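Heads up, there are several structures right after this.
In what comes next, chain A is part of two complexes: it sits with chain B in the first one and with chain C in the second one.
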Partner chain A sequence: MTHALLAATPLWMPSAADLQRLGPLWSLAGTIVAVLFAALLVGRNYRVAGAIATLGGVFTATLCWRGITGGAVPFAGLAPEAAAPMLVVDQFSCFFIFLISVFLVLVTGMWFMGLDAGVPDEAARRRDAVEFFVLFVGSAFGMALMVSTSNLLMIILAVESASLPSYGLAGFRKKHRPAAEASLKYILFGAVTSAISVYGASLLYGQFHTLDLMKISTAIGSQGISVLTGVGLFAFLIGVAFKVSAVPFHFWCPDVFEGASIEITTWLSVASKAAGLGLMLRIMWLLSCTVQSADAMRWVAHAVAIMAAITCTVGNFSAFRQTNLKRLLAFSSIAHAGYMLMAVSIIWQPRESAAGMPHPASSAVIAYMIVYLLMNLAAFGVVAMVYWSTGRETMDAFNGLGWRNPLLGVVMATCLFSLVGLPPLGGFITKYYLLIALYDASLIWLIFVAVFNTLLSLYYYARIAYAMYFVQSDEAPVRAPAMGQFAVLMCAAAIVLSGTFYAGKLKSFSDQRSRDMYGAMQPTGLRVAERPTADSMH
Partner chain B sequence: MLEALAFYIFAAVTLVSAIGVVASRNIVRSAVCLLGTLGGVACLYFLLNANLLAAIQLIVYAGGTLILIVFGVMLTSKSPWVVFDPTRGQVVGAVIVSILLATGLCMLLVGNEWPAGTAMTASPHVKDVGTMLLTDYLVPFEAASVLLLVVMIGAAYLARPEK
Partner chain C sequence: MEHILTWLIFLPLIGMVAVLIAPSSMARGIAWMTTFITFLVSCTMFGPFLPGGAAWTGDGYGKAMQFVHQTPWIHVGNFHINWHVGLDGLSFPLIILTTLITWLSAWASWNFDHWTNNKGAKGFFALFLLLETGVLGTFASLDFFLFYIFWEVMLLPMYFLIGVWGGPRKEYAAIKFFLYTLAGSVLMLVALIAMYFASGTAMGDPGNSTFNIIDYAINAKIHDYFNDTTTKFLGWTFGRAMFVMLFIGFMIKVPLFPTHTWLPDAHVEAPTPISMILAGVLLKLGAYGFLRVCYPIFPEAGKWAAYAVATLGVINIVYGAFCCLAQTDFKRLVAYSSISHMGYVVLGTAIMTDVGFQGAMFQILAHGVSSPMCFFLVGVIYDRAHHRDLNRFGGLWLAMPKYGSLATLGFFASLGLPALCGFIGEIWVLLGTFNAGFPWAKPMAVIAAFGAILTAAYILWMIQRVYLGKKQEQYADFPDVTARETAILIPMAALAIFMGVLPKYTFDLMNGTLSDIIKVIQGS
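Presenting the complex of A and B:
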């Protein structure tokens, strides 16, 4: 029986070189298994679990860094010749996995600091560390998959792999009512959006008889966008917009950010958005990878531009009345997702010298993402340290922080003004690159929206700065762990440096990462041969 | 002829029980009506020669999910006769949205060609699907297994009683 089966279908083995290219993904999956096996061998030890997660993150980051500096060539494959390529590796995906795994390590550090600082549910945290890190690394694995695929089926699986562990993480504090409520809202919202997304994917598959975005793009190029394609694409993108928390799919975001413990809030605010935006950029990029399909995709891109403008404005307006810092930063992160979505809406525009030149949109998003990571890590770090010291996350805990702990005050002020986008900070320079890219794409109205929103956001960020320096408070000085203070200080220094001395370096780094993106416009090193469309399930 | 007759019977069963699911105010009755809907859809799959899909539909949805729903209701509610009472406004709104959505989708589904549908001719065997899963779709299969592992750990954690 086995012999008959083997004879009937020649077994397929990926080559060693192909497997090696996907090292970062194996490394993350291996970390999950290692955490579990270590628990079998040494029992529930939170130090071991945390150490393995850290090591796994560092190892993955190293592998990605080798891919980035070693000039990883665009590669799409890991499926037999007949099927559509399942996984994509290029500088772009290496960069995003690098970002995610570095952030994984940093948030793990934050988790350990929280233990030492004496959070209320400390004993439970130590006991459940194994489950925590399995879910944590599991969501990182899903996010890494999200940025390294061009296949509808894999995209759906990747979004689920990133979402499902996040639901568990949001409700990880089981005895905490807001956490349970946040987790439930997150699940319901995620379930509905992913159902719509899968429906959209099935419409696309039914119409084009392929799961590969590249082939769908070719078909769109020759047939144009029909109503059916539009509905399918829109429904499919809803699942991704949910991960980015673009309006109107953002309702989960403030509740989850407020209810989850602060490490998870930090994690979701950066990693989930990074993966979602990377995926969104890749989808739009691949769908408009031929001249004809780029022309057809214009209308979808306009829809994304409108969504970006609404996301920004709603995020900023909703942040006005917030008094809980985590909730306020949630709306701020929605607004920032809006800025980055603006870049997604211009990626369909073909560049004349496409072969050697990076696309300004993806380059702008990469630069923005680096600085956004630093800003959010430092801002949430300060909020966490204030919370550990005072037990509150509300605005009044920040009254007089500039005098109660000068270092935290300075770091927080730097982050806030960088989040607004004031010179000479990193937030300014990356927003500047973004606006330049929009200007090149002649989307002037979107520039006005972005600038108007920057002015809006000045109000609520400055309100925190005002509370820190001009509101009198007779509370005790904020005591914070030395390592934590050092870490946020480093972030603030990096924000200042990226806006001044290293602005050019940031630009050239992000240009380089988006140059070798997998797609038809880059003819070098492309490994996709014309394949027969035999990837149906029959 | 016989096939068409069978189709109309199964479609009617599906639709009538679907209406029962939304019209019933008792949540346990809704769940039982859901059995008719899921079973009807499974029969439609059988008619389309999608044997494996039909079997999966019966095992996973009719067998698993449905029982989960009934258990969920029994374990969480204070009485098994939970009645949910939507206001008139909610009902009108839901009906309007559903009719609009159904009309739009039907127009889309009927008015277009489906290359993926016409390519399905022969009845797929379970063996073919299995071979596909371990060749063409090996990577998604493995990714799904990692996902299930992580989700299982998470579910076990959330369901475990606190000591």
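Presenting the complex of A and C:
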């Protein structure tokens, strides 16, 4: 079998234009190499390593932004046949890579701030900065790969190359026992889920003789979903579910978030989820790319919807009794992954019309992702600054924060209530877009699950607000770096603005990204006319 | 001043920014000035609502909306969310009530440093002003999405105002208030989304979906679709499902039995000015929601649910009054009396007649005047005695003659003594119920009237325990009401008398709009 496949494949070299289109990926890969080589040239200099990572991030982001706004970045395939590409860098992946690399820069900034603010293991941090940044950018590279492929094998490779550096990052504080434990749990979980994922991919390959999602989808469309296909799909999706920490593959998440240093927690909470959800969106979208396959995928999508409902309910309930802020926010991030998965579960429903209306679900995920990035960055930023000042990450470190540092208190309160989803904050408007998409897809029970969860989540988010404002504390004021305070303040301002003046802008921006997804992921060989439309499904 | 209403809504927000910038010692002054200016601005808007004014024509619901400001806010794809505010006879009296009561409570907060050790004056007054923006916005919104946003904007300030500056069990009270209200609002959110899409379906084009509250009621296509019993939502009749979800959202705010339990806690723990706003303004939002959203848009469901709603109203009246009889905490008693009085509003709304609506609306305003007055009166004595135990008071009238007189006036207004404001609303509701076409209406009117006896009982008993009797040693040297306290009480006392003696002028403000709403209901 393998032999025959190899024989059928002619010797092939990508064209220069193809390589150029992979710019964002080259840029991230180049950054890793540059960090390593710089260490050879100038020695272990944390400033140089960090600067290169920042520059690499900025450069990648610029490339991606040009890719997003440039309009004409078509479907690019790094493979012998353009119809079954290994790598896809389109506007959709450009957007996610943009998000990831911007976040890379921001977290690098946070890392530097931590050095000045006096983290406990400062010396070790400076010493190991080179390794840190190699792993850090490496995981970013893996995540960028995750959102730029539609090939089963490449997906598995991408997930692995995002996970492996993350394991290292989680356990980077070698002398810190919880970190080692977290890293081990992460590895075990990652290993098991990726093994299952590979198994699922092998089942799918055995059945359809292809690794390309589009072809699998067409085949599913014509043959329907057999039990074997179903098992294969589910097994395969488990690898992705692990990345977005969907229940029941979430157990690593709280331990890793608690054990890892706070920059890494911040990084994983947003970037890893963004990449996972981007990938999930693409998989679900491609698998339902014809009328027949969309119909066949209905059941898989329902399973995802149920998983989403369970994910956010479990996440919210588990957060109730947490006293460690990082752990609490870990469960909160699980819950938010659940909300976003809800939208992913309706992507199979065709919503395309002649007017080029974007799919409300993907648009909702994108808007949610943007605001979620801001909320988590600011919330973790505040937790970090409190940690740097007090050395504690527990709830009692937050007692009276509203009086000990009013600015941090206000920012944190804004983030928390935005995470709950209260108007007029960004968290509400994005949740609203999500609910609208669910309603549009007639998943009203899921709307009730979502709003019920909103209510649940209020309780534990309000507990933090309670500690910050209602509990008296005579501890010293929290001193925080001015840059850090400014940064989180900007995030909070952006959260407020995205819920008020720029709510429409946010929507039209994410609509445009969603439209890109339609335009760019247009399967080769399938014309727009053959794509399912809303009418053809009813 | 074309957009005077928008300015009115955001005036407090401007004040809030000023409070945050200015030094802490100036916070209360800025808040006082801001609320006063807001009150004055709202008073300049009286013109069209007076008899013969532009809003008074009564030529159809929503036709004579005043000070309308409509401009796109989120217009993307199929989304049409507008900044759409306007006033009619239903919302304008409530706007005036809000600006007045908020101004008076800003004044009541003048001795802020006295009861809080001056902790966080900036925060208190900033949130206070944010709250006013939220309330004004909710009353003025004609776009349902905007209505929801403002509705929720009120939550956070209230949570912090009770939780940070409240009494001993403030944390419990604050989170309870928050959770209850949010539970209602998430249901409202679901209804809001469903109604938006349904309006598009009714119009035959998703591009025509609307959040316009007035259109929901008067656009024939939408109105018919919403009230058609064959329209389904999750297997339920659409209109009824929406009505129930919205009703639960609003009833928590009213609050209606059995969702009322947050109110006594919130009131007892909240500082006096916040209690004034809570009782005088925030409770009215629920009732306003019934009159603005539930009944004009879903009259079919309103008729279907009339019996249940009226029963809840009567339970509120009687149960609230019985609870009052059992209280020993002064403030708790006034809080339960609010529950009892809001029962009349619900009963008057439930029967869906002209007289019922007028009575309900009058009761809203009357209670909006009398209950802040009662809460302030309790606050006055709490400032001096530092306890609120009814059984430990006595003979206060002798110690503080001016206070005693004003207090008796305030509590009699709440009791519903003829010639004071409480009487008119109650009697209108009872008359309306008695004459309503429902077979169950007469017994309900009788039971509700029985509630009035209980009201008299608990108020008179309370007055007897607190104000009458022998002069007590420990209260003998209490200073009488200060000039500031008198100044706060006088406007409310004057209004209570004015509304009771000359109810015509109050009815004139709102009757046109209310009969328009009744026409919408009957027309369906």
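Quick note on the criterion: the second predicted complex is superposed on the first by the 497 of 538 C-alpha atoms of A that agree within 3 Å, B and C clash if a C-alpha of one lies under 4 Å from a C-alpha of the other, contacts with A are read in each partner's own complex, and residues count from 1 in each chain.
We adopt the following convention: contacts are C-beta pairs under 8 Å (C-beta built on N, C-alpha and C of every residue); 3 or more make two chains touch, one makes a residue touch a chain.
In this text the structure is predicted, and so the values were computed from the model without any measurement.
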Open item on the list: Quick check for you: in the superposed arrangement, does A:Phe37 touch first (chain B), second (chain C), both or neither?
Closed with: neither
Open item on the list: With both complexes superposed on chain A, which partner does A:Trp26 reach: first (chain B), second (chain C), both or neither?
Closed with: neither
TODO: Once the structures are superposed on A, label A:Pro424 by its partner contacts, choosing first (chain B), second (chain C), both or neither.
DONE: second
Task: chain A: partner with more touched residues, chain B or chain C - done: B
Open item on the list: In the overlaid three-chain picture, which partner chain does A:Phe208 touch, first (chain B) or second (chain C), both, or neither?
Closed with: first
TODO: Give one of first, second, both or neither to describe whether A:Asp440 is in contact with chain B, with chain C, with both, or with none.
DONE: second
- [ ] Check whether A:Lys174 is in contact with chain B, with chain C, with both or with neither, and answer first, second, both or neither.
- [x] first
Task: Complex interface listing, chain A residues touching chain B - done: 5, 8-9, 11-12, 29, 32, 36, 78-80, 82-83, 86-87, 128, 131, 134-135, 138, 141-142, 145, 151, 153-154, 157-158, 160-161, 164-165, 167-168, 171-172, 174-175, 203, 205-209, 226-228, 231, 535-538
Open item on the list: Under the definition above, what is the set of chain A residues touching chain C in their complex?
Closed with: 357-358, 402-403, 417, 422-424, 428, 432, 435-436, 439-440, 444, 447-448, 451-452, 454-455, 458-459, 462, 465-466, 469-470, 503-504, 507-508, 511
Open item on the list: So in the complex, the part of chain C that touches chain A is made up of which residues?
Closed with: 72-79, 81, 119-120, 123, 148-149, 152-153, 155-156, 159-160, 163-164, 170-171, 174-175, 178-179, 182-183, 186-187, 189-190, 193-194, 196-197, 233-234
- [ ] Could you pull out which chain B residues touch chain A in their complex?
- [x] 108, 112-117, 119-122, 124, 127-129, 131-132, 135-140, 143-144, 146-147, 149-151, 153-158, 162
